[in-house]
Amino acid sequence: MKGLGETFGSGAMTNDFKSIKEADVLFVIGSNTTETHPVIGSWIKECKAKGAKLIVCDPRKIELSRYADVHIRHNSGSDVALVNGIMHVILRDGLQDQAFIDERVENFEALRKVVMEYTPEKTSEITGVPAELIEEAARTYAAGPNSAIFYTMGITQHQSGTDNVRSLANLSLLCGMMGRPGTGVNPLRGQNNVQGACDMGALPNVFTGYQKVDSKDVRARMSDLWACGDLPASPGMTLVKMMEAAGKGDLKSLFIMGENPMVTDPDTNHVRHALENLDFLVVQDIFLTETAQMADVVLPAACWAEKEGTYTNTTRTVLRVRKAVEAPGEARADWEILNDLARSFGAAWDFRSASDVFDAIAACTPSYGGLSHRRLDEGPLAWPCPTADHPGTPNLHVGKFARPNGKATFAPREWQKPHEWPDEQFPFLATTGRILYHYHSGSMSRRSAPGEFVRELFIEINPADAQALHVDEGMMLRVTSRRGTVSGKAKITDRVPPKMIFLPFHFAEAGANLLTAAVVDPDSETPAYKISAVKVEKA
Amino acid sequence: MPKIKTLDDLKKIKESTMDLTGARSQGKTRIIIGMGTCGIAAGARAVMEAVMAELSRRGLKDVSVETTGCIGMCQDEPLLDVIHGGESRITYGKVGPDDVPRIIAEHVVNGRVVEDKVIGRTD
Amino acid sequence: MGLYRSHVLICGGTGCVSSGSLEVLEALKKGLAEKGMDKEILVVSTGCHGMCEMGPIVVVYPEGTFYCRVTAADVPELIEEHLYKGRVVERLIYKGEGKASDVPHYTEIPFYKKQHRIALRNCGYINPDSIDEYIARDGYAALVKALTEMTPEAVIEEVKTSGLRGRGGGGFPTGLKWSFCARSAGDKKYVICNADEGDPGAFMDRSLLEGDPHAVVEGMLLGAYAMGANEGYIYCRAEYPLAIKRLKRTIEQATEYGLLGEHILGTDFSFELHIKEGAGAFVCGEETALMASIEGRRGMPRPRPPFPANKGLWGKPSNINNVETWANVPSIIRNGGEWYAAMGTEKSKGTKVFALTGKVNHTGLVEVPMGTTIREIVFEIGGGILNGKKFKAVQIGGPSGGCLTKDHLDIPISYESLSQVGAIMGSGGLVVMDEDNCMVDVAKFFLEFTQAESCGKCPPCREGTKKMLDILTRICAGKGKPEDLEALEYLGTMIKETSLCGLGQTAPNPVLTTLRYFRDEYEAHINEKRCPAGACTELTRFIIDADKCIGCTKCARVCPADAITGAVKQPHVIDQDKCVKCGACAEACPVKAIDRR
Amino acid sequence: MQAIDLTINGKKIAAEPGMTILQAARKGGIHIPTLCEHPAIPIAGACRVCLVEVENSPKLLTACSSPVAPGMVVHTHSPRVLAARKAVVELILIRHPLDCFSCSSNGKCELQDVAYELGIKASPFTDEGDTCRDYALEDANPFYVRDMNKCILCGRCIRACDSLARYHAIDFQNRGIRTMVHPPVGKDLEHSDCTFCGQCVQLCPVGALSEKASTGQGRPWELKSVKTTCSYCGVGCELNVQVNTRTGRIANVTTDYLSPTAVNEGRCCVKGRFAWQYVHSDDRLTRPLIKENGAFREAEWAEALSLVAGRMTAIKEDFGPDAIGFFSSARCTNEENYLLQRLAREVVGTNNVDHCAHL
Amino acid sequence: MTTTQEEVLSKVREIVSPWKDKKGGLIPILQQAQHEFGYLPPEVVQAISDEMLIPLAEIYGVATFYAQFHLKPRGRHVVRVCRGTACHVRGSLKILEKLKETLHVTDNGTTEDLRFTLEPVACLGACGLAPVMTIDEQTFGRVRPEMLGDILGKFE
């Protein structure tokens, strides 16, 4: 999000879903779309069937690879080099959209300078991808006429995540693939309301609508709207920092709403230590999760089907959530609990409905200014939607970027070696991710039909490695990193390249995040889940 | 093989193939050679070969060469009959290979019966 | 090429090949070479003559002597006697009605005399592997004429004038069909030849493809030029390997001569032709199913409209005609539509090829002008019923056709006249039946075929034909119920009315027509549990006439089921429960004491 | 574009070019029964139930596949049409079990509807042994059950899988009377390309495909539909939660392929359609819990909330507001995220608020 | 004949290569594959699916639609035994039983060495010669069980 924000002036997905169908070239990198976003995956396959070209870059052989015109299996963590290499070919052969660059983008020379170094040969050395494939990807992407980039956690969950995103933004600007249907750089959000949570200011440095907390004017306007006193001026700690601070004893209390860091956060052993170290932990959730069990107070919340509200999807489209059934027992909607909790603190909050809360959001958030539950009941709308008669904005950056001078900027980056790399002691590279049948910590999906279908952790391992380890399908494997050990059943498949294993992270009892390091991207503080050096043994 | 471009190209192929299909219909002119045991003994095979050679040399089309069994005039073998167009069937007797070019030139091509060799005439 | 005094034509069609014509061909070549006659006599392998049951067939030109059932063993005599000495080998010549007095010319044989060969004109006359021989017979002259003298519109007009109608069964006016496709907008169009001949007993398409493949290709070229197509497919069933081989050779030769490919005859017209082998599904004879099959999908039909002329192969405007239709086109263009239209009846012009089979003396392929009566075909060309039995019915139009009776013998055959009496022209199958054929059994036989070939897409055909077959099976087994006839009529009518494609729409025809003309036979099966023709085994009984039986025990000894008992010299009895109705006893009885009822 | 005027059952209808007779009839509010047709998937023209009579056309035409033409005169319920339609349904019913009583599709079965409309109780042609096709019930997966004995081979599931789910995990196998819908020969569903998105189940017009978890959860007429947004992944699929009004429990989840507001255009995945049982899970939290001596005890809301406010206020007083942190959630609504960050900033006075945006 | 996975793959690649960028290749590919392998083994079908990006279910849908395709191995020689009435009453069942016993196969089965496939058929249309069997294109009439050894011996 940060990568896109500084390049384009806005960090959200640039285009809407309809736009996908108008793409002539789909560049999918670090996204196992058919498993993580199945509906988008089906559209991508539909485009391909209708004649669009598909470029897939992923160390794993994912389902979309099957349909790819250009299939690149690059080394994990070599994304920046790969994209720089692609840009090198584009510039070398003069395939860039010079008119677009001249008119709408700054800092071109700096990009040229960095990219110059990444010859196909050098890129091939770093990425392990044959030079011809890099050339072909470059030609295909540049040819368009409309090329769209899609990425997910495979790009962001690296120490260099933001650089990865910046590189993709550079690529799209270089070829002028922006501001038209069928183009853009499209991060596919992993969770249902990541976009909304960010929009709402559930981030340490901004209020709603990315209004910075360190801006005096913003704070003044907010305290005005909220009818409260001075608001804190310095940006707060990120989640990973908070965890660190808790471990050190600097953070005394944590209020966790609907999260299960014991399963989803990196380096589970460290998380456990941090939470244990707190003076007072409150968890508000629908189940007594691994994290809730460590809490001092647990507040029972209503779940998805039991409350009114809105989500904002990956295309910035605000959608209504409606109550279908009553919450069990005394469980209550999170917004109701928070309203009453604020009152317990002595605040004069009096939100009677989710719709009330939304009106308050609209009042303090320009991009949401024209929205209301009433309006959304007629159908979803994409922000920015500043006024009640504004039709919403499906495609961003049409004609003008959101940066102050209306221009985008190239943000060239050099490739850097990942934080951890397989060595003699830990010769395998482990990567974690989602699978189709489960969601996140599995607290919902494992209690539903999919939980019966995929019950336990499996570990994908290449046939060559399995043979070397004398492991057959379904036998137990033990995986150890510098941080911990997990065991799971071997799934022998060439989906993973040799010396790489893949573990889904949905299974608390065999938590893949026991392996991962709490190493984060310094810009976005996104954990580097995608790379851990591990050793693999027959259990 | 040259590509066909015009009707003339097609006609050329047709012409050159005519002898093939000419042999599959009774030609305008029929030459019938007596090929009974007696005929063969008297040298009918050589006569037939001479007929074929002459037709080939002249590039004559539309002439069919048939053989037939003994017609009962064994003393005059080899026998060679010519039916020119719709005219009567002329039987030549004691035909030798040397007579063949003359019979073909006179009778088959020009329609003039070679009277000195004729031994019979059937309508 | 040297001059040959004589050409010996040997049929290389599938029928004759399976009777051993290849061996005859080899023996001839070898024999002539040994005698040093190979320079004067040419041996040619041709396509089918149509009279397959008399095969292998050998015709010696220039005399036009027609030899049949020739074996390799006959060859030395043939060479010595006919080719060397000019004496006809009488024992091998075709004997017509048993008179062998004079040796008829090929064309004088009654089987051929009544025919009028347009589509089949080169079959059995030229070497199908030689494009030169085709050209010598005016082949590709129509193409040259069309490309140099005629506009595409004029070609379509000529076909319209000819009155040619689809010979695959539908009978849709070909020129009109072409004009639809020609009018349809699109940069890419296809012409397709339907060579997925699947009717049991029909082999006219096979004979044409084997005997005169260039005519089909030339017809397609003319169609492609007229409709603005530049690519074509011949969809040929894989069961016709020889036809496929010949077609491949044909395409090679035509391409070498520049008659296929880019800029044909130096014009802007280009045409590429592919062969697609079928994979064993009768329903692929239906045009939309055929296109699905070319596309590599299950050969299931789809509803029309949209018609192939607008949305055909891969969604592009396409035109499908069958082999016989295409083969007629060159003659029409060469001789003019008027010439063609002068033959036939008012609405059905030209000639039609029929596959004459069943209980008839001469089976084979016959091409006759439309308007010829069934009587002429069966009795004059076909030489009447086998073994002097009585004519009972003729099943016309293949498995989807109908059964006609002696009352229909004088109907002049045309699309209209046949549909009036409940039959169809179909692709031209003509099965003659005599008094020994049970019409219920015949209806069941055809329905078994169509039911097995139903693609399963639409319920009427899938479920309906199965149910009709179930009912027929039980009627033939003596378990029919009186209401079954009504059910059959209802199901048959409704399947025709509601089925998706031609297969379902015509599948009930054999049942409906036999119900209409031979209802008494059905009633006998149901009400009297009796098969009047004695064909339905389960209803047949063998009974020993005690008065005639001499007690010789021969019958008891041959009975495989030990169903016959009786003391020596005493009348024997058949235990009906044990009898398996094999008829062995009746054959064995020296005094004809066993009746089949 | 010029409208195409046609007459259906005497009613003048202005259709759009490219429309089929069926679409034009629907536009004009005229009902034509269908089975193999579904607006979200390509036309098959297989079931023959929508046959209509078009003047000057000798054959009956399938309304679903025949394009409208100017001046067309269509009869959807003429005696000829009704007779044909009746025959078609009678034929389909030959091999379709009539266990409607216990069938999960009772009340939403489209075959039942057509039969009812035409007054057909059973096929008059069914003989003993016809109905039973002896296909074993396939229920090895937790999502849906396949009962191929009930399959009418309309192919809607196949087209849904091919054109919506884009897996083409199933297809017709064999032909003619032996035709069946199946994953690749020799494979079962669980080991095929199927990803259990269940779109085929929703599109099945009869009871051949049914949702496992929905069995016994409510008859169609007992359900009310609540339109909402899926809570798995960032696509934001519009879902219709079907709630049993009698029990107040979710019966199943469907999508609406014709919804103008659905960003997913009716598509969905296995989680959206099948991962809802957790809502009614027995181990849902139902009361606030307070940990005492390492064990939880149930508490009243007031006590729990005041305990939280009290402890946090005390920590704030001792260590300052930045000793307190708030984890919000990307799974909660906008409203809830808004309130939590406001609670942190306005009420507690810290910017220590974040959520797991990156997981 | 054993074929390794690599051999299968390289054969299949060779078969599909002319069709990679063309439409309508599935049926010719299956025909060629069946010609090559004698039938359509699962790994071959899977490889075709992978190479041509045609869903497996669709390929099987096509393969089971057309009579030409076989999903089980077939013998080098197909033995057809007529089970028509005429043959039945003249002992074709005994012929069939004897064949099953000799070849160790069931109806429509194939011998382990892939030499023969045994197919009982409704009628071969040669009732005059009953009982009749055919091997490939050759017809044998008035067959007696004791003749079977010699007949089968002619086919390797």
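Every chain is named by a letter (A, B, C, D and E) in the order it is written, and numbering of its residues begins at 1.
One rule holds in what follows: a contact is a pair of C-beta atoms (placed from the backbone, for glycine too) under 8 Å apart; a residue touches a chain by one contact, two chains touch by 3 or more.
Everything numeric in this text was worked out from a predicted model, so none of it was measured.
A.B. asks: Steps needed, at minimum, to get from subunit A to subunit D via touching chains?
C.D. replies: Minimum step count, subunit A to subunit D: 1.
A.B. asks: Just tell me the minimum hop count from subunit A to subunit B, counting one hop per pair of touching chains.
C.D. replies: Minimal hop count between subunit A and subunit B: 3.
A.B. asks: Write out the two chains that share the greatest number of C-beta pairs in contact.
C.D. replies: A-D
A.B. asks: Using C-alpha centres only, name the chain that sits farthest from subunit D.
C.D. replies: Following the centroid criterion, the farthest chain would be B.
A.B. asks: From the centre of subunit A, which other chain's Cα mean sits the farthest off?
C.D. replies: B
A.B. asks: Where the centres are mean C-alpha positions, what is the separation of subunit B from subunit E, in Å?
C.D. replies: Centres of subunit B and subunit E (C-alpha means) sit 57 Å apart.
A.B. asks: Based only on mean CA positions, could you tell me how far subunit C sits from subunit D in angstrom?
C.D. replies: The computed centroid separation for subunit C versus subunit D comes out at 52 Å.
A.B. asks: Calculate how many whole Å lie between the centre of subunit B and the centre of subunit D, each centre taken as the average of the chain's C-alpha atoms.
C.D. replies: 88
A.B. asks: Please output the residue numbers of subunit C that touch at least 2 other chains, ranges allowed.
C.D. replies: 281, 298, 300, 455
A.B. asks: Give me the residue numbers in subunit E that touch at least two other chains, ranges are fine.
C.D. replies: As it turns out, subunit E has residues touching two or more other chains at 58, 61, 65.
A.B. asks: At least two other chains touched by the same residue of subunit D: list those residues.
C.D. replies: Those would be 171-172, 174-175.
A.B. asks: Touching pairs of chains, which are they?
C.D. replies: Pairwise, the chains that meet the contact rule are A-D, A-E, B-C, C-D, C-E, D-E.
A.B. asks: Can you list the residues on subunit E that touch subunit A in the complex?
C.D. replies: Going through subunit E, the ones touching subunit A are 50, 53.
A.B. asks: Report the residues of subunit C in contact with subunit E in the complex, numbered from low to high.
C.D. replies: Per the touch definition, subunit C meets subunit E at residues 238, 276-281, 293-300, 314, 455, 537, 560-561, 580-582, 584.
A.B. asks: Any idea which subunit D residues touch subunit C in the complex?
C.D. replies: Touching subunit C from subunit D are residues 44-48, 51, 60-62, 65-67, 83-84, 87-88, 91-92, 94-95, 124-125, 127, 152-153, 155, 171-172, 174-179.
A.B. asks: Could you please specify the touching residues of subunit C with respect to subunit B in the complex?
C.D. replies: For this pair, the touching residues of subunit C are 1-7, 9, 40, 42, 61-64, 83-87, 125-126, 132-133, 135-138, 140-141, 144-145, 148, 256-259, 265-266.
A.B. asks: So in the complex, the part of subunit B that touches subunit C is made up of which residues?
C.D. replies: Touching subunit C: residues 1, 3-7, 10, 13-14, 16-21, 23-27, 30, 32-37, 40, 48-49, 51-52, 55-56, 64-69 of subunit B.
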